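Please go over the structures that come below.
Heads up, the next two complexes both have chain A, just with different partners, chain B and then chain C.
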Partner chain A sequence: MNDKVSIVIVSHSADVAKGTADMVRQMVGDDVRVAFCGGNPDGGLGTDVAAIMAAIESVYSPKGVAVLVDLGGAETNSEVAIEMLPDGRGANVQICNAPVVEGAVMAATEAASGASLEAVRKTAEDF
Partner chain B sequence: MTGTVRDEDWVGGSAVILDPTGLHARPAVKLTKLAKTFQSAIEIRADDGTAWTNAKSPNAVMKLRAGHGLPLHIRAAGDDARAAVDALVALVDQNFND
Partner chain C sequence: MTEDLIRSLIAKCSATIKAHAEELTALDQAIGDGDHGLNMARGFTAVAAAVDDIAVLPFGEALNKAGTTLIMKVGGASGPLYGSLLMGMGKCVTDVPRGSQAVAAMLQAGIDAVKARGKSDAGAKTMLDVLIPVQQAIDAGRGIAEVRRTADAALTATKDMRATKGRAAFLGERSIGHLDPGARSSALLVQAVCDLLEGK
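Showing the complex of A and B:
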């Protein structure tokens, strides 16, 4: 499974994050690994650096991880999470500048073919 | 890639879209994933359109808005072009296994 780029979904809402991951799995299938996180540690809206790091680590592959985020803090916290990844893993993780739901489906569709992280990101961002 | 293909190199086919919603998002993803398994250049065209679209681009396939009850035109060029067209025609014929 490590021969494909993985997808991580980061939303302020746990429901949006889970719903987006469900869409990706149902539309693209199980051949791409998908992780998601959303909400703050208190169960409200927000994003959490530790949760984002855990989501990335859970599907990490040297082939790459494409991260889809929603608003403001989701992006800045994802940037912090990527910087804090151990062993230089952050070099293989990129945030896609794309809408979270559409970008996640597009990125996963591209990733399913075994495409590079750069190609996956481009497909998500071309949407 | 397709710019270098001569007209006579294309292998063609078509199949009618059965889904009442036309070629919507979920079938578009299936078509793209299948197209990407072939080496050949593969393009599709809606029956009411003149432009050929890269079948391996999920964005392009979804934007095609190919409608229900009309044939989807498929063409491919490359070593596995015949197999690619046959596989895509079969996918459309089977209503994307939905």
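Showing the complex of A and C:
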């Protein structure tokens, strides 16, 4: 399955992140690997750099990982998490500037076709 | 000596942030997502908990480690922003900077890191609107009292600014009339360091 771009969903809310991942799985099945995380290091609303890194690592593919985020802190923390990934993996991970739910579904649909990370990101952002 | 200074800085800054957590959250509820006080308190509590590991490091490395701790523990955008500030400052120095020029250069390096991380600059109603004038005052060789006044005046000036960054940017014109929570936390930290330097 490493021949397809993976999707990571990052929300301030663990419930939103999980719900979005459920929707994506219903749309594309197991063709595309999907990871999600939500909540701050204490479990409240927010995002957690370590959890974002772990989510990306859990579905990492050299083909690429598209990250969908909700509000500002999720984006900033995702940027940091990508920079902190080991072995230059961050070069194959991109944040999509798209609404988290719609963007994740569109990105996953494109990824299922075997599209490049660039194409997946563009599809999510053009929606 | 450096260890004592680092311990004092951590104790003072974390106590200040914790004492003002509710105020920061209230400011953030007005124009942000309402988590600034809670997030900053969580981050600084984590830094205070790691004081024994941080205080034994050379000053630059201590700043770096405190910054990393904020990034990993805050849970909001203020983690990477304040983390970048401290890490940027830490990269610029080995030992405690001596003299206003060296302090100003260190703070400038931190400000540059915040600008890059936040893709922002002066005038966007953010923490930078306090940090930049404070850095300029230090660079000009102003005394502690003048640095304090600069920080307070810069904070007050954020009230009439229109936010163009962060959650507050969604509010556009409606962000005018509120102090920026990040500017407030930056001003609090500047005052805390001034307190320490004056032996308070």
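Operating definition for what follows: the second predicted complex is superposed on the first by the 127 of 127 C-alpha atoms of A that agree within 3 Å, B and C clash if a C-alpha of one lies under 4 Å from a C-alpha of the other, contacts with A are read in each partner's own complex, and residues count from 1 in each chain.
By our rule, contacts are C-beta pairs under 8 Å (C-beta built on N, C-alpha and C of every residue); 3 or more make two chains touch, one makes a residue touch a chain.
Remember, predicted model here, so these are calculated numbers, not experimental data.
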item: Fit or clash - chain C, chain B, common chain A; value: fit
item: Touched partner set for A:Val28, first chain B, second chain C, both or neither; value: first
item: Partner chain(s) touched by A:Ala91 [first = chain B, second = chain C, both, neither]; value: neither
item: Angle at the Cα centre of chain A, taken between the Cα centres of chain B and chain C once the superposition is applied, in steps of 10 degrees; value: 140
item: Which superposed partner A:Ala54 touches (first chain B, second chain C, both, neither); value: neither
item: Touched partner set for A:Thr123, first chain B, second chain C, both or neither; value: first
item: Which of chain B and chain C A:Val105 touches, first, second, both or neither; value: first
item: Comparing the two partners chain B and chain C, which touches a greater set of residues in chain A; value: C
item: Shortest span in Å between Cα atoms of chain B and of chain C, once chain A is used as the common reference; value: 25
item: Contacts on chain A seen with chain B and repeated with chain C across the two complexes; value: none
item: Chain B residues touching chain A - in the complex, by the definition given at the top; value: 25-26, 29, 32-33, 36-37, 56-59
item: Chain B partner contacts - residues on chain A that touch it in the complex; value: 26-29, 105-106, 109-110, 112-113, 123, 126-127
item: Chain C residues touching chain A - in the complex, by the definition given at the top; value: 33, 35, 38-39, 42, 71-81, 83, 117-118, 166-167
item: Contacting residues of chain A [partner chain C, same complex]; value: 12, 39-42, 44-50, 71-73, 75-77, 79-80
